Each structure stands twice: as C-alpha cells, then as structure tokens.
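Structure, as structure tokens:
The letters A, B, C, D and E name the chains in turn, as written, and every chain counts its residues from 1.
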C-alpha cells in the first residue's frame, strides 16, 4: 500500500494491488529504468525475477513486463510498459541487472526489439534465421514448418467428420456460419 | 581438515558391500516389470461403440489423429462411419483423446512397445489393428474422469401444481448464462445434423451461442429453418437422439438452445434485421402453395427469398396448420408462431386465409396459374377407435379436441377423461384436459417405455398427476341412456415377444375392467383428406397406403405438383420433417424453374 | 486440418505408397553382406561382435535422453547387452537421436554422424523423429529424420520407456546379425540427396565439402 | 605470471560432461578457465509460440516438455497461473496430491542430480545406485499418472486422477526404502574425502551478489540466504505442512550439495505428512468443455519451487480460448547463462561440469 | 632348449597370456563394478567382443602420420616391456629376454608407450586430446617420482636392478619384499593407482571434462590397438608388482604341471593386486590434476623417502 503511494508520488504511473503478493504497475516507456532503479535501490527489490514481452498486434504495441521481487517483504512488482511495435526500441537495463542481458538478447531475436547499448552476439537461440522474428504474432509457425520441413506422406486419406456427414446429407453450410465450424 | 582424513577414505569403502547383494536389475526382456494399471500406451478403440464423432481428432493438438473410413463400417445416423487412426509419429500419449471421448470407446492400453525400421509403420487404427489389446486396457475415462460434461443444464419449468391451472408455458427457457453453459457442452461433432430432417447447422449455431454471438446463431438457424422458434419449443429433436454425449450421458439440449437463441429476437422486425437474408431479384414465376402449415410456410418463405411470387392458400383463419391447432398453448404460445409468420410476410410471402381449396378456390385454378404448386395439406381426419359405441356423445378425436382448446374455447369434457393413445398428441390431450380441470386417465396398449411420446412430455404428464394406464386395450364405450359417455371397458394386456421382434400386447382373457368417465379422447392418429383434389388429379396421384408418394425432391406423380408435410410418405410425421419437405421442395422447384 | 485434402478426393493406397517412396530413400538393407563363401564366416563373426558391442554416443539431442540414464543404470542395465557409452563420435557405433532435432542441433548431429566410423547405426527415439511429434508445427524442429540421416530403427513412444529402448537395441542387434543395419555406405552413396535436404534447412552451411574428414 | 597461450574448448553440445544439449565455449589457459560463454538454441522448440496456437488445455500437455528432468513444477506453475486468471478454486485433496507429486518430482530429480554431480566428478557408482533407485519413484508416478516421465497430471482445477488403490502404502514403503538408501549415498558421497576436496571452495557464488544475480533455489540457499517459494508464497498444501528449508553458508559446490542432501530428506518428510493428512473429497474441479474453454482476459504470474529453484509462469489471456502469451521463467535461466559466465572464469576445467551440475543447469527450460 | 624357435614360441605364448589375462581382467573389472553398482553387468568376455568389433570397423580415420604411428608405438612399447618382464620365476617358456632387462630399462620403456600416444593425440587437432596429453604428462611426473623412489630403495636394499634377482631373493629367503620394505610397497602401490588411471586418478581421459582425452580422435582399429596395448600394459604392471613385492609366481619347477601351477599362482596374486585400484576406483571421485599431483608428491613420495631411508639404514 505504502509502496504504491510512494511510487505514485515519485512517478507518474498507474498502480494497483493484484493479490496478496503482487503489485501491478503501468508506466511509460521512458520511466521504466528509473522506476526499476528506484525500486531496487530504495525499496529493496533487488531480485529481477522475470522479464516478458507480449505482442499486442491489434494495438500495434509490444508490452514489456518487468517482474521484480523483494526478498524481505516477499512482494512482487509487475511493471508493464508499452512500446511501439513498428519501431520497437527499449532502454537497455543490463546495467541494473546483468541477467536482463539474456532476456534482452532473447527479445531482440524473438521479437525484433532493439536495445541500444546491448553488448552481445546477435545470434542467440536461432541460427541463420532470415525470416521475421518468430515470436511475433504475425509469424505463422505452422505455415513456415509446412513449407520448410517435409511431412511424412501416408495420411492423406483422412476425412473430416463434418464433411463426411455433409456428403451424406447434402447440407450446405453458408459462409457466415463457417467461422463457427469446428476447427 | 586434518592432514589425514581417515574416515573420509574408509567410509566410502563400505559401498563395496553392495557387491554381495542381489542386483536390482530387471532382466528384460526375459522378465518384465508390471506395467501400471493406468499406463498410457497405445490406443484401443471399441469400433462398435465408437460413433466417429471426431472429438479425439479435435482435441489432439499434434494432429496425430485422422478420421478414416473403414471398409467394414458403414455410417448411419449417429455414426459418421469414420474411425480414428493414430499416427504414432505424432502422438504424445497425453490421453486427452481418451478423456474427451464421449462414447468411452477410445482407451489406452498397457501396450507401448513398437520397434521397427520402417518409419511408415507407425500409423495404426486402434481396434482394427490391435483387437487383442482389448484385454489390456489401462488408461480409461469413466464418467467421473471424462472431460465431457455429461449433465445437461436443467431446464427450469413451472411447478406442476401451478402449471395445471393455466395455459402458461411450462418450460421457461434458458437464460443467457444457462444457455452459454449448455452450449459449451457441445463438442461440435455434427453427428446431429444427419438425423435432423432439415440438416440444420447445429454445431455452428451452438458454437455461436457459446461464443456469446446470439445474432450469428439466429442468422445461422434461419438459414434453413423458418420456424425455429416453434422448433425450439416443440421439436421432436431427433438430433438429440444421436448426440455424441447421449451415448453415456445427457444429450446437449439442442432444442432449448435453439429456443433460447430465437426468442432473443423479440419481434418480426428484429428477426428481419438480424437475419438479413439474401433476397434474390423477383422473377416472373409464380408458385402456389396449399396449406400454411410448417411445410407450406417453409416452401413459401424460401421461395420468396429466391424471388418467386408466392401465394399461400389456407383454409383456417390463422397460419401454422397443425402447429397452431394441434399443439397446446402451454407448449407453443400463439405469439411465437405469429411472430415468425409476420416476418415471413415481410419477406414477401402472401397468405390467403379462410380460403379453402376446393371450395373457395379450385385446385385447378391454382395449378393452371402457377409454375409450380406445393401442397402441404397435412392430416385432418382422425382415425376412429373402431370399438363399439364410439359414436357416443363425449367421444372426441384429438384433432377436434385440441382444435377447440387452441381456439380458445372450453370443450365440455366433464370431470373424468380417458385419453386413448400413447403419442405426443395423446399426452397433449391429457395435459390439456388436466388444465380444464379434469381427472385424466390415459390408456395405452403397451408399456410406458414403449410410448412414442417424448419422455420429457410423459414425465411432465406424470408430474401433473395424469394416470397413465399402460397395457390396456379399450374394447367398448359405455354410454348412458342419453347417449352420453359413461365409461369405457378395456382389457388388460400382457407383452408377448415373438420371434425377437418388438413385444406385442396381447389381451388377457377375462380381464375386462370398466372405468367410469365423462369423456373419451381418441388420440391414435390422423389421416389425410384429399377432397380438395379434383377427381382426375386424385386418380393420377400415386399413393403409398394413404399418403402421397413423392420422390426425393418431394415431387408427386403429377408434373409440377410438389407435396410435403404429414400428408406425404417421406420421413416422419412431425413439424421438422414438414419443414424439411418444404425446404427440399424449394430447392427442387428452384432447380426446375431456374434450370440450375 | 493440414492433411485432409478432400477437394481432390481421397487418394488411393497406391498413390500414398508412391508418395512415400518419393519421400525418402529407404536405406534399411544396405548392410554389406559379402558374397564370398570364405568371407561369410568372417562376416558372421564380425556381425556377432558388432551386435554385442554397441558403443552409444553420449549425445542427448532431445528429451528422450532422460530415459538413457535409466536404461544404462541398475534397473535396466543395458550393459548386459554390451551397450556402453562412448564419449566421442570416433569411438561410437550407435547414434541415438533422442527425440526432436532443432535445426541447430541437426547441423551438429550430421557432423557427428559423419565422424562416426562404419558400420554405424542410428536409432531414432519417439514420435518426433518419425513425423514431427508434438512439434509438428514448430518452426525450429525437423519433422522426418530419415530425410536427413539414414535411420536403422525407430522406437515408438513419447518418450520411449527403457524397455522400449532396450527392445530397440535388440531389434538393432537382429538387423546387424542379418547384415541389414548400418547405412553409412548408403548415406555416402546418396550424399547429394541428403545434402540437398540438409542444406534446405540449415541456412548457414559451412561444412567441409568432402564427406569424411 | 606470464600469460599462457589460450585454447578454445567447446564443452558441448556433444560432450559427456554437459548437462543437456547446450554448449559452453571456454577459453582456457592451461587447466584454468579464462572466460566462458554459454551458447543456446540446440533445444529450441518454440514452445511459447506453439502454446499460442493451442487452447488452454492442449497447452498443458506441452508444458512438461519444458524441462525434462523435472516436468511437474512447470505444469503446476501453469495450472496455478490459469487458476489465478480464472479464479478457479482447487479442492483440498487436489492440493495435497499436487504437493505429493511435486515432492516426488523433486526427489527423483535430486536422485538424478546425485548421479550427475557424482558422475561429473568421476564417481559413477553412486549415479548407478541413485538413478536406478529413481525408478522406484517413477514407478509411483506410473501408478499414479500413467507415465514415467511426462505425467501431464496437474491440470488447472486439480489433478487428473485420484490416488489409485494401494498407492499410499506403496508410497510409504518407497519412502522407507529411500531413506535407508540415502544413508548409503551419503556415506559414499558426503563422507568421501576426495569429494569434499573437490567440492569445497569451487564455483563460489558470493552471498551479497546472489539475489542480484538472479540466483534461486538450492544455489541461493547454498549461500546462506533462506528463500523458498514454498514458504514465501505458499501454493498447493505447503502452508499446511511443517517442514524446514535447509541453508548452508559458503556458496560453493559443497554447500549446494549439502542443501540438496538435506532437502531430499525434507521432501520425504513432506510426502509422509501429506500422505498422513490426506483429506477426502473431490480431487478435481471440473473445467468446461476443453475445446470451448475461455479464460478471462488478464495476466498472471505464478511461481513454484522446483529442484533448480523457482519456476515462474507469466501467462496472459486475451479472453479467447487460447493463451495470448505464456512465458516461462526457467529456474536455470540466470544460472545457465549470466551466473555461469560470471563464476566460471578462474575455475579449473575439471570443475566446469561439476559446477554445471551443482547449479542444475537445464538447457531446455532456458531456451524453451 | 635354447633354440630360437623355442624363444619365439615362448614370446608368442607370453603375448597371448598377457593379452588374454589383461582383457579378462578388464572384463572382470566391468563385472565387479556392475555388481557393486547393483546391476548385472556385461559378460566377462565383453572386452574381447569390443576388440573384435573395433578391429572389424570398415572405415578408420587417422589424422596424419602420427595418427597411424601412435597405436603402433603403444603396442610395440607394451610388447617390448612384456618381453623383459619375468612372468614366471621358473617358467622357462616365459623367460624371453628377462635376463637382460632391469628396472631402469622398464621405467624408460613404460613411458615410451605413453609418449607415442601423446604424439598421435597431439596431431589430431582436438583440444581435448591436447589437454589430456598435458594432463597425462603432468600426472606421470607425479606418480613417477614415488615409483622411482620405491624402486630405488629396493635397488639400494638388495643391491641389484634386476627383477630376476629380486625374485630369486624372495624365493630363496621365503620373505616377500612387501614385508622386507613395506614403505616401498606403499609408495609403489599408490603410484600404481595413478598408473592404472582408475578413479581418483582418471584425469587423463576424464569423460565429463575431456570427452575421452588423448584417444578422443581414435576410432576403429586404432582404438582397438590402443585397447590391446592398454590391456597388456595392465598385465605387465600387475606382474611387475607381483614379481617385486609378492615373491613372483611360478616357484613350482619348470615341468608342465609346475608351469600350470605357477600360472594359477600368478593369476591369483595379480588378481588380488588388481583389486586394489579397482576397489578404490569404484568409490572415489576424480582428483583435479593439481590435486592428484599434490597427492603423489605428498604421501607416496613421503613413503618413498622413508623406504629409501629404511633401505639405507636397515
């Protein structure tokens, strides 16, 4: 409670209590590193639990989540921020926590988010990858897999239950109904 | 640490004592450990129990399951004829397919070993390729562990004491939450569509309801059923008989869900706005339709959408035919039909009420002025009981009785009523009689479980304290001196099963019993009345027994005369079949006239 | 519903068979059985030794590797069959592909396979090697192993139990005794075909040109 | 000291000393590591991408493949996260069964660790014993869940099947047997002068840096910091069970080994307590039809304690029937990369594999 | 009796004996290890099958000239040393060149084999091999010192460098040197642990660290040859130990039955000696290189020095 109050005084943020252990904070991209530093130095959130990235393709943003933990009060802060999906760039925080470096490398590779000042090999998990960053939502992994890798033949005589019954009954499913068909 | 850690050197040497012990090794393959009782190995499928719903295929996120046709299995309603084949090059042995199998036919066995140099050898049709594995079933899903939701959301209904007092609707219908939960139970296999005479898009509209998209559901429903609200209340719902969940549990309440969705559209304008059907440009063809029953209305509506000039001739003053006059209002309120007919009228269907063909207008006039004629005249005349003194006063036919009741009149039936019959109509008669304050006895020749009526209706009747007298055969009507019914004599019957067929009631000699009553309602079926047809046509018209013979297109033996509904011999005699007839005739007429 | 092609009808069995044969050259019977009568005895003895002395390369390529310790340790003790670990590919006879292969691993596996000395055997574990398994739609794992390496024995399971693994070895022993295992020569003969497939998915191809180096 | 010529040594991906399919690029000078660099990607299967294509229940079968040596905490984390999102209650019996499964998983993973730690030190006998005895735990799993490794047992709403008949007795017997065997193990490993020599003072994680570096689990407790998710943010039935969290000072391989030695005893203790106090009732709070199951929009962060440390699941739902994003924080995520790269320089190459094992580096959960 | 044919026959017999016993001991080791590890283990003849298999490999890759030479050097070294070891005291058939050999010569020759391997490994370009070789040489430096000290103490004590003479002394006095100079035995047996390269001194081919060390790049028949050489060396080391400290074997005359009895004695004695490194190897983790060297320079060296003092002052 105090923490939220305190944070709100110092920064321009949205914050709410998520549950007994967790506090959710929403902040602007520019504030993130200073909030993290503040949390780390002033409030004892010295443990970076996790960093995550969510692709909200409809809103054209990436949501970055920083999860920090305070070993004394056992509280967790989830810090959310949104960055532009078309020109994704985020401040590098591996000066605050070293292991952020790994996360950032991963996001750079998987989402194409640039972290200016990040010192690391560009290739991290993938090798020789030339497509768009694969964790982006518009990357169709199944399509890519089907095009790239051969699927073993032998199963082409499969039939669809619905179609089989339609063949027997002569039912005609209108187009507007098809989106509610199974798969 | 000390310079010489003697303990640290000597203690580990105690490990050497293991040398003298028996090895822990299981000498595989000579001996084998017992495999767990619920081990998840290869699958086994009980091919007879399996209904080919494909739910296993759907849940499998690995695309490991294909549904394939097997030579020895032909499909039938309630069985797609397909059986799962599993690609063990995909399977991850998660057994989700077992947990979602509605029939419980697909199980896993404790067989897990397959070693081969041939990578194409990992396709297996469980049950066909490993029939012996039936003895090794291990991971199975019973009713408790299955992921299927076998219990239907109960339908709220009026209290029996309360409902016999008026003609208020008995079933209150699902509310939104109940409908969502119930719709979520559906596994979208589509087996039901085969048993539906109209082949409605059941999985699609249920999915739409589950996704809280009621408008889409209404639109999908109206695609091939123009009287869905009626169906949502009183359909014989043969779809539910073949529901995949019905094998082990309760079928999805398809009827109630349809009812829920359609009642969301409160009036004809709303229906029109939501459905917004594709209406073709008007063309020059005229189609005459005799009878505004479900068959006639359906044909009229869909032909109107296709741009034909439609005229419906109806003898009564209200549309709907049997659904209007034959179904009690506590099941199907008047507004319900009226709303849908209003909507159809908006779509260009013209209905001439109080126009009896053969009297007010001749059949030939319609036939000659139209490019096609559809005849949905239904069955008007009741079968008589065929027993002594049945012409006595106070012996009713069901049609007559229900017609009066639905017209708002109060038939004079006295205090004790005997209803003869076991179909839906007879139950309707009983329950209507009850609502008129009578004490009702229902006589049926066979056992209760043999009754063709909807079990739900029978249950409702029992709740309303209608005395069902199974295994009774009426033999005589007893009338008093004024010629009014005083009672009925009947024989008790026993069920004799001959040659493995359906058990037949045989009267027990000397078991004559007399039941006193003020009225007898005979609800043992109806027959058609073809008086409207001119003689030359009636002669040419081919019949099967006493029904009109039609082909698949519902075309009779007379050119451009189509027929549907109860009066034709095609499918069952119920409203949804009539709609199916109307819909099929629509397509045939369209094909005939537009040449496509 | 990727594998349901109902628009063009259901293919017949022959069409499927043909597609399968086109799909992969099946190096299953490439063992070099010497025809000379005098050599037969020698070959028999060698095959006997080969089948009873299988050095397994310690390379856990995927999740199936978790059952390898169980197979090799006291409960199942694969050493009864002369199966033991080998630390480097040069010393190994058997390459276990324990499940899925990511493209990055595939590159290393190919190298490892080529470093092994003939006769060499490949055992493929689990669903993933057969038809992609649960990663059939993953962008980073291969789906059918025999497109890239010749495989001697497939073991069903996800992952295969130690019993299955041992059964796989027993099957391999059977094949070795009959001279039907060991596809190193077949691989070399069809190197172009394999290379084409491999290069299709390994983007930064930096292998030496010659086969055995 | 004059600088010797540096050699580059690739530890892995094909190497007997690596704990999974990964590679550590070591620059060595003589026998001393000058710098280390972790290379990943050999096990990348794009799980998180695949989960986005699968619905809430289908995803659950993928989860156990995240980390092979100990799949259950990941399942549990996911289940907890989904339950948090949905507000779904779990029956008490399910909580207890979950606790037992989680602890059994811990024990089997510890037994595997015994094998790894001693094997990387050249003591193969212990590995043969412990990995062999691990089968007894796997037998328990097999009877309970139907599979040895990939249990797919703890799904949202509870567990998949109830305890089978006779299982509880079998579990008690197994625990008794294991306790007896643990003495043998400890005599061979912890009393061993050579092991003591090898393990002490090797791979030190400084206490004041540990939390900041992202160290979790036994490695953290090996530095003397008492942090365990089971106590800090209790889940399943841990708040109803009495147990201790051992800590040792030193931060070296030896301290981590001691922590694990004591923890396996605590696990046995927890399982016994859970079996003793097993409540009756339902084991499963039914989920809706899996194909149409939607979860309210929102995000959830749920942690569990695995053998290697805390495993967190960050789960985002957009209200549809598929997760929007499921991001696993593997316990070894920091251990295997940033921590390893910090503590390896200066160590002997003989100890690299030793340290890897003691940190519990598990590549599949690092790259997913 | 002294014909050249007889000599060749004797040499052949010695080689076969060494090979068979060495390989069998390898198999026994695996079996005993397995039983201690609660499992069944391979058949005792497993090593022979392995060898046949390795020799039956159809392709064999060698890296450069030294790759070919190294196994040859190793086998030559082992056979040469074998020729100079008195297998049986009275066994004329196994006498070979023993009259010419002495301890100092043996010391040199035993290093020779390792050196060949080192050269071959160096050329393979595998860093694991290179590190393994450097470790091996370091370890050799470690264990050679106490071993040499032990042998030197014996030379001082008995004023001879000939093994034959040592055996004769034990035979005549009936007192085994293990009792005559126990500290020399301690120093020697501890350095033996290093020579056998079982745990805790298996740092050369430590799998978890260096794959398999120097032999990483050897496969097929090269590996098979290395294995053979290793087995013969193992036999040599055991026989040498038995000869020096346990009175040797074969004191039952030179008749057929005497030789058979001698061979039985040899097998029993070598087996007992062999069990020492095997048992210790079973229960010990591996030392780090510098720990191993420190160990050798601590206790065994101390024992060696004591042995020399013992021999000088007693």
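We adopt the following convention: contacts are C-beta pairs under 8 Å (C-beta built on N, C-alpha and C of every residue); 3 or more make two chains touch, one makes a residue touch a chain.
Computed from a prediction, not measured in an experiment: that's the story for all the values here.
K.L.:
Using the touch definition from the top, how many steps at minimum link chain B to chain E?
P.N.:
1
K.L.:
Spelling it out: a chain qualifies if it touches chain B and also touches chain C; which chains qualify?
P.N.:
Intersection of chain B and chain C contact lists gives A, D, E.
K.L.:
Which chain has its C-alpha centre closest to the mean of all protein C-alpha atoms shown?
P.N.:
Per-chain C-alpha centroids ranked by distance to the global centroid put D first.
K.L.:
Could you tell me which chain lies farthest from chain C when each chain's centre is the average position of its Cα atoms?
P.N.:
Of all the other chains, the one whose centre lies farthest from chain C is B.
K.L.:
Based on mean C-alpha positions, I'd like to know which chain lies farthest from chain D.
P.N.:
Relative to chain D, the chain with the farthest C-alpha centre is B.
K.L.:
Based only on mean CA positions, could you tell me how far chain D sits from chain E in angstrom?
P.N.:
Chain D and chain E have C-alpha centres separated by 44 Å.
K.L.:
Taking each chain's centre as the mean of its CA atoms, how far is chain A from chain C in angstrom?
P.N.:
About 37 Å separates the centre of chain A from that of chain C.
K.L.:
Roughly how far is chain C from chain E, centre to centre by C-alpha average, rounded to an integer in Å?
P.N.:
Their C-alpha centroids are separated by 39 Å.
K.L.:
Could you state the distance in Å from the CA-based centre of chain A to that of chain E?
P.N.:
Centres of chain A and chain E (C-alpha means) sit 61 Å apart.
K.L.:
Identify all positions of chain B at which a residue touches two or more other chains, and write them in rising order.
P.N.:
Answer for chain B, listing residues that touch two or more other chains: 12, 15, 18, 23-25, 27, 33, 58, 61, 66, 69, 87, 89, 92-93, 119-120, 188, 207.
K.L.:
Chain D: which residues touch two or more other chains?
P.N.:
Chain D, residues with two or more chain partners: 15-16, 41, 44, 46, 49-50, 53, 61-62, 125, 128-129, 132-133, 150, 188, 192, 194, 291.
K.L.:
List, in ascending order, every residue of chain E touching at least 2 other chains.
P.N.:
Residues 34, 36-41, 128, 207, 211, 282-284 of chain E each touch two or more of the other chains.
K.L.:
Give the pairs of chains that touch; include all such pairs.
P.N.:
Pairs satisfying the touch definition: A-B, A-C, A-D, B-C, B-D, B-E, C-D, C-E, D-E.
K.L.:
Enumerate the contact residues on chain C facing chain B in the complex.
P.N.:
2-4, 10, 20, 24, 26, 28, 74-77, 80, 124, 127, 129-134, 136-137, 144-146, 151-158, 160-164, 166-168, 170-171, 175, 180
K.L.:
Which residues of chain E touch chain D in the complex?
P.N.:
33, 36-39, 127-128, 130-131, 134-135, 199-200, 202-203, 206-211, 282-291
K.L.:
Can you list the residues on chain C that touch chain E in the complex?
P.N.:
The contact residues of chain C facing chain E are 32, 45-46, 48-50, 52-53, 55, 58, 73-74, 77, 79-82, 84-91, 93, 115-119, 184, 212.
K.L.:
Can you list the residues on chain E that touch chain C in the complex?
P.N.:
Checking each residue of chain E against chain C gives 30, 34, 37-43, 46, 49-50, 52-54, 56-61, 128, 205, 207, 211-212, 215-220, 223.
K.L.:
Going by the contact rule at the top, pick out the chain C residues touching chain A in the complex.
P.N.:
1-6, 10-11, 13, 15-16, 19-20, 22-23, 103-104, 107, 130-132, 136-144, 147, 197, 200-204
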